[in-house]
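You will see two complexes here that share chain A, one where it goes with chain B and one where it goes with chain C.
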Partner chain A sequence: MSSIKISNLRKTYGQFAAVDGFSLEIPAGSVFGLLGPNGAGKTTVFKCMLGLARTTSGLVLFDGKPLVPETFERIAYVPERSVLYEWMTVAEHVEMNRRAFKAFDPVRALELLAQFNVEPAKRSRALSKGMRTAVMVALAFARNAPILVLDEPTSGLDPINQRHVLSLIINEAARGNSVIFSSHQIGQVERAAEHIAVMDRGRLVLEGLVDDLKSDRKIVEGIFPNVTYSLNGIANDPRVLRADRTERIVRLLVRDDADNIATMLAGAGATGVRVLDLNLEDIFLFAVSPADATADVIAKGSS
Partner chain B sequence: MAYVEWLRVGRCLKCTAWVLLVVLCLIVAAEYTFLNIGSRSSLSGVELHTSSGDINASEILNGAATTYSTLPDGTKRTTIVNPAMGIRVTVDDHGYFGKHVEIFERSVKRSEKLVGIGPVSLQRTAVPGGSMVTIDTNKPEDFAYVAAIATFIALIVATILGAPFARQNDGHLEIALTNPAPRTTLGFGAMLADVAGIVAAWLMTVAMLFFAHVAHNAPNYTYGPRDTEVIVLGFAGVLAWYAMLCAATASLRRAYGIVLGISWPVALLVAWLAKADLGDAPMAQLLRWGATPLSWVDPFSYLHFGPAFTVNGRPAGSLAVSLQNELPALLILALIYVTLAIIQWRRVEA
Partner chain C sequence: MPAVMTVDPRSGVPIYLQIVEQVKRSVALGILQVGEQLPTVKQLALDLTVNPNTVARAYRELEHDDVIETSPGRGSFVRDNGSTQSAKTAASDVARDALAIALREAKSVGLSRNDVRELIDTAIDRWFPEEQ
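And then the complex of A and B:
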């Protein structure tokens, strides 16, 4: 059982802060989903975590200790793009891992490759994008590492193999290993992850247990008879985390006491007011951007 | 990373082996055709400087009397006498043990000279009434000659392998940097694999040259202290050259091919400019002023194979070997370049 603690991580490229004050604690034996739009800084966080990129400031601890080369005996990493050697066969990659890592299980690697329908004798250059991802995933899961860091591990895979990867992730957690992974497939994250963190523009904007985030928050939606209306200060209520408006429709992200807010919205003139449960996609979209491109975020205090 | 480098070295050596095999076949074919000195066909490729001007050696056959005989020891002798040109050629064919050719030219005064290229020796001496050119095809061969050619091939292999870090940086850094071994260890492991490959290429070339020799002539090698100098200096030079390429490319991702591609012309040009007599023109002075400090860090400036190619028994050209100066310089350069390569690679980010 291994835990990861990231404190105030910052990584800049010139004036641009790819990661800015990112802090996170990943409990041992958990599946942690890292979400964020393109360019949010997820891959940079992984690279800084693993020492692949130098941090501008901040601290990363694995089981309370800073990363040293030997730590990689306990960490398996799948990068977002293929890092396989084009001219090497898959079997040679298996052998490379066997030589590098004490706990690597080549038999398990070959089993996983067979499950992904990858022929070990093939050279990497002959593999499709999805197959290359499958090879990297197979090599990582054959490492028997207590920590798996997976940067978009289903990228390019067909739905069957995506599901297979998710099963592998869930199995690892069942064995007490920690998995932190990023994905643009929010449904996959929702299925596999217990914890999520959402990044936007290098910052952590949301973090917590998926179940808590979903049960704590509701959407209160109402429709006004015309486009000119007032929310009567509802958007400024501390229980309202966010208010979005698309012409006559208002959607409020509410923490606690959603029914009361719904009553207030109805009192402001909205019809068809309803309280909706959140899914992870809603949580993500509310966290990083307007619910849709046509919506305006109602600034607090301007309603 | 070392495993990957071993695989890469293996692939490189496989290619080298094929090239050497083709070269071996070409050499053997050449030995039995136009390099078969003394044969009628080979004479067409020889220019003779006679009193009546430069002529093709095959022309001496016109109007010449040719006789064949077998000496008591089994040597087959061919004698060609052209009284009009004042030329007498004697070819003693010892079969597998080589040929001895004597060409007498009447009334030609030319400087005495002895040129040795591998097992072939050409000597011109003044004799009463003219001069004598003696050609021996299987003289005792200084091993330095073989070592020099092998070192040249090793330099080429060193150039091919000379960017282990840049190749890793080019899309595979995540593999190296998530390895549970320190970067320095990984770096040294990769370089060690390459150096082993370079040594293997050197040995393969020596073997190829040996087989090329014994395919036509009996082995007849000599080995002395100067041969050791050539081998040691050669290895130090290749090591420094390889280390320099590593240092020049350690922080690159994609452009390393350009660096490797221009390395030879640039290094040779720098070494040449620093030593060439370009005159006193301002531009020449400027070139020398620029090239001289660069030549101090250019392994090619220290690398030469004087004892392998001799004229009048001395190393060819003005490049006298001074192991005392050049060997330490090359070893220091190798050490500096290896250190620079490792330091740079340790700073590379994925």
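And then the complex of A and C:
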């Protein structure tokens, strides 16, 4: 069981801060999903964690200790882009990993490659994008590493092989190993991860247990009889995270106690008041879209 | 048992609650019988392709609700507390949740207390004709 702690990580390229004060604790034995729009800084966080990019400032600790060469024996990494040698065969990559890592299990690697229908005799340059991903995934999961860092581990894979990768992640979690992975496929994160962090523009904008975020956050929707109405200060309630309105319809993003807010909205004269569940995609989109992104959003405090 | 269990991860209902609800339903319907063993956390996680810690959380909730009991090294079993109490509890939990959803919907479309009472009376007459 291995825990990871990232404290106030910063990585700048010239004036641009790719990661801007990012802190996160990944408990031992958890599956952590890292979400974020393109360019949010997910890959940079992974590279800084693994010492593949020099951090501008901040600290990454594995079981309370900074990264040392021996730590690499305990971390398996699937990078976002292929790092396979074009002229080498898949079998030669298996052999190279066997020499590089003590705990690497070549039999398991070949088993996994067979499950992904990858022919070991093929050279890397003959592999499709999805097959390259499959090879890197097979090599990583044969490492017997207590920590797996997976940057888009299902990219380019067909739905059958995507599901296969999810099962591998779940299997690692059941063995007590820690997995941190990024994906744009929110449905996969929703299944495999119990914990998520959302990044936007280099910063952490949301973090929590997927099931808790779903339990806590609701949409309260109501319809007013005409366009002139007052919310009686409901939008200022600390439980209301944002308020959107289109003509007579008001939609409130509420944290905790949605039923109470629903009663207050009905009290303000709204009819058809409903409490709606949010899935992870909704929660993600709310986290990365600022409240002033659309014209029909009531800025908090103006009602 | 897991053959009848499915979860919808894209739903807004937390996955652990979906599992809790389905196990209770299976107990209420007799698909899972008193004393019957549930799959291990790992097995159910792999069957449903969901996080094992999420399944473990569902099992803890079911223990808390006295529906199942877990003995270390042996596994989790539908609780035998000398009666069919756990099945009855499970059945009323499932029914209460379904009723709450129906009532919330009725209220949201603007029905009054009396309208709802009328609907419920009609429904009871239809489903329990022998007890009229």
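Quick note on the criterion: the second predicted complex is superposed on the first by the 276 of 303 C-alpha atoms of A that agree within 3 Å, B and C clash if a C-alpha of one lies under 4 Å from a C-alpha of the other, contacts with A are read in each partner's own complex, and residues count from 1 in each chain.
Note that contacts are C-beta pairs under 8 Å (C-beta built on N, C-alpha and C of every residue); 3 or more make two chains touch, one makes a residue touch a chain.
Since the model is a prediction, treat every value here as computed from it, not as a measurement.
In the overlay built on the shared chain, the residue A:87 is in contact with chain B alone; chain C does not reach it.
In the superposed model, A:232 lies in contact with neither chain B nor chain C. By the touch criterion defined above, A:8 reaches neither chain B nor chain C.
Contact with chain C, but none with chain B, is seen for A:276 once the two complexes are overlaid on the shared chain. When the two structures are aligned on the shared chain, A:100 is found in touch with chain B, with no touch to chain C.
In the superposition on chain A, contact is made by A:190 with chain C only, not with chain B. In the superposition on chain A, contact of A:57 is made with neither chain B nor chain C.
Residues 29-31, 163, 166-167, 170-171, 173-174, 187, 190-194, 210-212, 214-215, 271-282 of chain A are the ones that touch chain C when the two sit in their complex. Only residues 3-4, 7, 11, 171-175, 177-183, 349-350 of chain B touch chain A when the two sit together in their complex. Those residues of chain A whose C-beta lies close enough to touch chain B in the complex are 47, 50-54, 69-73, 75, 77, 79, 81-85, 87-88, 92, 95-96, 99-101. Those residues of chain C lying in contact with chain A across their complex are 9-17, 41-42, 45-46, 49-54, 57, 104, 107-110.
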